[in-house]
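After this come two complexes, each holding chain A, first together with chain B and then together with chain C.
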Partner chain A sequence: MPYTAEISRSNPTSIIFLVDQSTSMSDPIGGEVPQQKADVVADAINRLLTELSVKCAKEEGVRDYFHVAVIGYGATVGSAFAGSLAGRDIVPLSEVADNPARVDERSKRVPDGAGGLVETTVNFPLWMDPVASGGTPMNRALRYAENLVAGWTERYPAGFPPIVINLTDGESTDGEPSAAAEAVTAHATADGAALLFNLHVSAAGGTPTAFPDTADGLPDSYARTLFAMSSPLPAHMRAYAASQGRRVSETTRGFVYNADITSVVQFLDIGTRATELR
Partner chain B sequence: MGSPTGPQRQFPSGAAYAEALQHTQLCFQHPELKGARAELTRLGLPRAVSGAFASVFSLTSAASGQRYAVKCFTRHVPDQEQRYEAISSRLALLDPAGLSQPWKLGFEYLPDAVRVGKDLYPVLKMDWIKAVTLSAWLDAHHSDRPAVGRLADRFEALTRDLSAHGIAHGDLQHGNLLVASDGTFRLVDYDGMYVPALAGLGGTERGHRNYQSPLRGNDDFGAELDRFSAWVIFLSLKAIAVDPALWNRLHEPSGEFLLLTEEDFKSPAGSTGLRTLLAHADRAVSDLAEQVRSLAFQPLELLPPLDLAVPGPRTSATATPTPPPAGATAPGTGGLPGWMSGHLAEQPATTPATPVTAPPGGFHTRTALDVVVAVLWPLALIAALLLPVARIATALPGSLIPLALAATATAFARSRRTERVRSRAALDALTKQLAHVEDPAKAAAKLHKERTRFEAAEKHRQATYPRTQDELTAQYHAALRDAEQRRTRKLRDIAKKIDGLSEERRRALAKALADKQSAYIRNQLGRRSIAQSPPHGIGPKLVARLADDHGIRTAADFTGYRTVQNSSYNSTGAVLVLPGGRRADVRGIGEAKAAALVAWRQKVLAAAVARQPTTLSAAEQQPVEQNITHRRTQLTSRHTAVESETETARKQAKKRLEEAREHLARQNTAAETSARRKRQEFSRRTTEIQQNNTLHATLTTDVEAARSRQSELTYACYLRFLYRAS
Partner chain C sequence: MTAPPSCVYVTHLVTPKSGSTEAECEDAVTVLPGCAHDDMLRGPLTAAVCDGATESALAKDWARLLSRTAAEQAMNGPELLLGGAAFEAFASSAVAQWDPWLATYTQARVAAGRPLKWYEHTKLAAGAYATLLTVRTDPIPGPPLNPAPAPAAWRWRAAALGDSCLFQLRDDRLLRAFPVATPEAFGTAPDLFGSRNHDAGLLARRARFARGRCEPGDRLFLMTDALAAWFLSAADQDSAVRELLDFSGPDDLDAFRTWLDGLRERRQLRNDDVAVVRIDFEGR
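So, the complex of A and B:
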């Protein structure tokens, strides 16, 4: 069975985020309190990096089950890490965990247990800042990712294959991205082909869709293209998505269209769900 | 995220707990936990230790100063509260004094104890245990053989404590077995524990994959749950106690296992770990390894408990001074190697060491012949002196005749002496013997050369073996990768085709509708006869001519007209265009009448278009839907076929790998055996050379002695002997 390799420190896997940083990412999304798309995406990734750090924490510290890259694409294509990791591509998780750009104090309203709410602050580590400027060079970003994927599969030929997660608001400005996407998933380890998942945050409207198994009902050709580019979810991710209340089928793809904020986080959680961390 | 009361309740993530625990004053109500101080990471977040089901935090109570390990659950566990209650009350019955060591963990299950967001979740509040995980302990202490041996015995005692009370832990492994500073175990993580009161419930987890029988299933839950893992752990500890080098050899740094992994239990033939232990020179290790190998294929409930199979007093592991494991090279543990005894017994027999009894030097004991010769000489001398005087002799040389006779007689007599015969024979025999004994120096040089060449070849072979193994693994991985790449490519093509189906369906339906509409219109046009309502200017004659000469009777029988230049000079006429493109030149119809006919047809057409059907009936849609469904089914079954093709390819690759590995292992064993034989042979030859060395020296001396004796038997010596006073 593919996608069943044990993820361990000697056989880690890599997670490569591709983050659309084009000008249009400054448009708002979301319900009651609209937020800029770029903010939502940066927040989700920062949260996820904390999540991964906690998930991989053992008594002696954070274990390198994962190595992580955050690649931005907009005015330029390259590492989106800020702070001491700036410029780095794939970084072992333990190093990521120890080196956020900064730790913000965020105010939060928490139930006080007596029916009311109190204002408190929580520490929120940040690795990347929201950016929104320039075009959407998705082809270049995918080729950048392909390069990282190729290097990784060569280094860990038997491990769980790399997971590439592309977060974008839509249309590529450097050409149709399908071929570049196929090139990413053409790389494989003994455990399976590299996975490419897409999160589409579009202004085109239409029904939000998570983990569909058909392009029917997607509002435009960009969404359909991104859907077609997305890998089917491996069995354990399907099972996890189902346990999170998502409807899934055998051919469910790692694609989410116009998800709300919670779904973005959930999408990342499902997309990075490891088979088993041992 | 899900309903907080449903059976499949969603739980907060580890990071969500870490955020909530930044304010223990707010998230807890329990007096010991409210306001407790959490241990923090460098980033100022509560430090977690996470597993598959939970994150554990260290909290020090503000009220009592007591330190707790607080386990926050990230996954739903069915009947969790009931389970913990049953476990708690069963463990409470265990008298600490009756236990082999203080492994029991104090804990309290607190439902609705921690608030995360709007909701309350349970926690397990445990006494904080100051101890390190078994793997961390082994990292530090694996070379302390007595300590590891003691730990193995304590582990065995721990499993006896559990089984004596019908309890099974469910997930015995290096992360749940903590070792305190006094070298005794603390057992943590009771999530999957079985106590008799839980007999009706199923298991909650399957335990760590590197410790479980390949046959353990999801539903296994009973008192014998720990047996396989107990054997695995016991084997590992015993093996390390015997041969501490195994820890570095088989345990990968930070690997999630001790010495053996899942692979070892699933396919022992192809795995290095178990094979190494099976082939270990120490019987205690190889026997235990054999036991684990055979247990991997037995149903869980048939596995023997650890204590039943530990022979003798359990202190043996610490007390037995174990010999270092002998490698494949010559055994050299003092005394004679077994194979040599036979050779040594034969050795003297094979050597031609029969000592040659050398005669004493010189001539001894005169014989009669000697006496005659001795008398002859004086007589000969006298004769030689007297003959010239008596002029008996005619010539001067004649006077030397008696002397010549005496000399000849002497030579004859000397040659008849046995001393000379014996000495000659002795020398000959010795020289012959010496020639038979190989020159030890040369033999040693030859042996050395052969040995060096052999050892170099062996070293090369031994270095190649793991490399070949790695190559096989790499080939296997490449085969799997190729299979995966083929699979992805094919599935993508199929998916594209499936994605294309909805477009195809839309097009097919549109075409069916268009066909239906044009059929309707054709039909409508065909129903309007020109005769019934002729357009203005078309009289009955023309109607008849249209019908009779050209078959044009209804609006369906023509489609338009074309103007033509009449052959008669300067006049424009018209021809009607028939369906299919042919033209009809109808006498009496010029451009005006043709236009009128076409306008009439146009009106009929417009009316038909206005009334044409705009939808397909279910029955009409059905063939299209059926076709699409058929195609979809085909594609889906191709999808399934690709999956099973891939699975087959993977299985074949695996089979090839296993066969190649086995073949390689067999080859290796054969090579090891022949290497051992070769080395034995070398050793035998070495002893032989040593023995020959002595013999050679003795013989050489003897030959020398014989030669010198030979030199004592010359003519002069004989003459001297003849007149020596004896």
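So, the complex of A and C:
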């Protein structure tokens, strides 16, 4: 059965984030508090890396169940890590966790233990800053990712296949990206084909949606293209999504439109989940 | 003719998943009274098995604390295995030990020049998590003046939260499984006992309780989920029992590990830490 390989330190998998850093990412998306698309994707990356690090944290450090790349594409295509990881492609998660470019403090409302909420300050590590410059060479970025995926599947031919997560406004300027996307998912391990998920940040309006099973209702051709490029969720991810109250079917895809993508980290199975009784 | 001696033997084995070290094993077992595998026990016995959740930090420490507390308190007050207020009191006392333990641990890390990292602060704020399975057995004396005394029997009571399992065997056949009865019921999100769950009422409501009677010749096995799932899914359960019975004491640990590795290689056993407690009721 595909997508059932154990993810462990001896059989890790890789997660390759592709981050659109083109000039169009300086445009705002709608919503109650308008944000630049570049801020949205940078925030998403920093939250994803935080969630991954915490998920794999043990008392001796973060375990390298995952190796991570953050590839920016805009004026150039390459590593988008800031700080001491700058210039590096695939990095073991423990190194990522121990080397954020900086740690900001942000206020957060947390339960006060008596049924209310209280504002507190939490550390918010940052690995990349918002960038908006140049065109949107999505084909180049996907080819870059394909190269990393090919290397990984050769190194771990029996492991859980790599996952590529593309965060973009969808406005590719170097051609239609579907063929390059198919090239990424053509690589496979014995456990299954590489997965490609997409986060679409857009000013086109419409209803934010996460992990839909149809392109109906998506607002424009960019969204529909990205939906079609996205891999169907493997069975265990669908099962977890369903357990969290999401409506899923066999055609549910790894696609998010103007919504929170960090929940994808919870789809990853590294062992018994640490969840409070409800 | 003299009746054979009625007694209980108990032994347990704990081993980490393939690829992990002994120190990383997050399954914990406490058996009371502390005894060797060949000691003949004639009084009450308690055993607790806890399986720390992979996704939580310090899960092994919480599993150890929880199993020790459960076995001790079940020995001192078996009513906790009936649920209700007694179980709530036990749950509260276990949780109350965590924050002081964590404060000591945190100070020790600072003293060692390894203060907690940002991700540990985030993770430990949620607490640590483990399953819990506790059992107590008590001998039921036979009639003292019966000239041909019936073999002794034992009463057992158990409490479980999550998917660590108790199996009762009679004539080396499965008589009862608790709290999980089918291999399909195992998953990656079992109910867990959180080290910061101060809702003792919720813990008591979600815990499952069972009781039974053991005859001479019966056995109880307590297992964490991976081995329990293998046992319940075995195509030939008689053969599975025979394989398990090859391991009867700490000297068998190496052979036990080799056997588990073989099951893993054949993809019959999920790669996970394994804990097993075997209780043999003698006197037949």
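The working rule: the second predicted complex is superposed on the first by the 243 of 278 C-alpha atoms of A that agree within 3 Å, B and C clash if a C-alpha of one lies under 4 Å from a C-alpha of the other, contacts with A are read in each partner's own complex, and residues count from 1 in each chain.
Note that in this section a residue touches a chain if its C-beta (ideal position, glycine included) is under 8 Å from a C-beta of that chain, and two chains touch if they have at least 3 such contacts.
Note that the structure is predicted; figures quoted are calculated from it, not measured.
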Practice problem: Kindly classify A:P28 by the partners it touches after superposition: chain B alone (first), chain C alone (second), both, or neither? | Solution: neither
Quiz item: Should A:T251 be classified as contacting the first partner (chain B), the second (chain C), both, or neither?
Solution: first
Self-check item: Partner chain in contact with A:G83 - chain B first, chain C second, else both or neither
Solution: neither
Practice problem: Look at A:A190 in the shared chain and tell me whether it touches chain B only, chain C only, both, or neither; answer first, second, both or neither. | Solution: first
Quiz item: Touching A:G175 in the superposition: chain B (first), chain C (second), both, neither?
Solution: neither
Quiz prompt | Comparing the two partners chain B and chain C, which touches a greater set of residues in chain A | solution = B
Quiz item: Is A:S8 in contact with chain B, with chain C, with both, or with neither (first, second, both, neither)?
Solution: both
Quiz prompt | First, second, both or neither for A:P208, with chain B first and chain C second | solution = neither
Quiz item: Is there a shared patch on chain A that both chain B and chain C touch, and which residues make it up?
Solution: 6, 8-10, 50, 53-55, 57-59, 97-98, 103, 122-123, 125, 243, 269, 276-277
Quiz prompt | chain A-facing residues of chain C, complex | solution = 19, 24, 51, 53-59, 61, 117-123, 126-129, 188-192, 194, 197, 199, 202-203, 206, 271-272
Quiz item: Where on chain A does chain C make contact in their complex?
Solution: 6, 8-10, 50, 53-55, 57-59, 61-62, 97-98, 103, 122-123, 125, 243, 269-277
Quiz item: Tell me, which parts of chain A touch chain B in their complex?
Solution: 1-2, 6, 8-10, 47, 50-51, 53-60, 63, 97-98, 100, 103, 110-113, 118, 120, 122-123, 125, 153, 157-158, 182, 185-186, 188-193, 214-216, 224, 227-228, 231-232, 243-245, 251, 262, 266, 269, 276-278
Self-check item: Residue ranges of chain B in contact with chain A within the complex
Solution: 1-2, 8, 10, 13-15, 17-19, 22-23, 26-27, 29, 42-45, 47-50, 52, 55, 115, 117-118, 132-133, 136, 175, 208-210, 252, 254-256, 262, 473-474, 476-481, 484-485, 487-489, 491-492, 495-496, 498-499, 502, 639, 646-647, 650
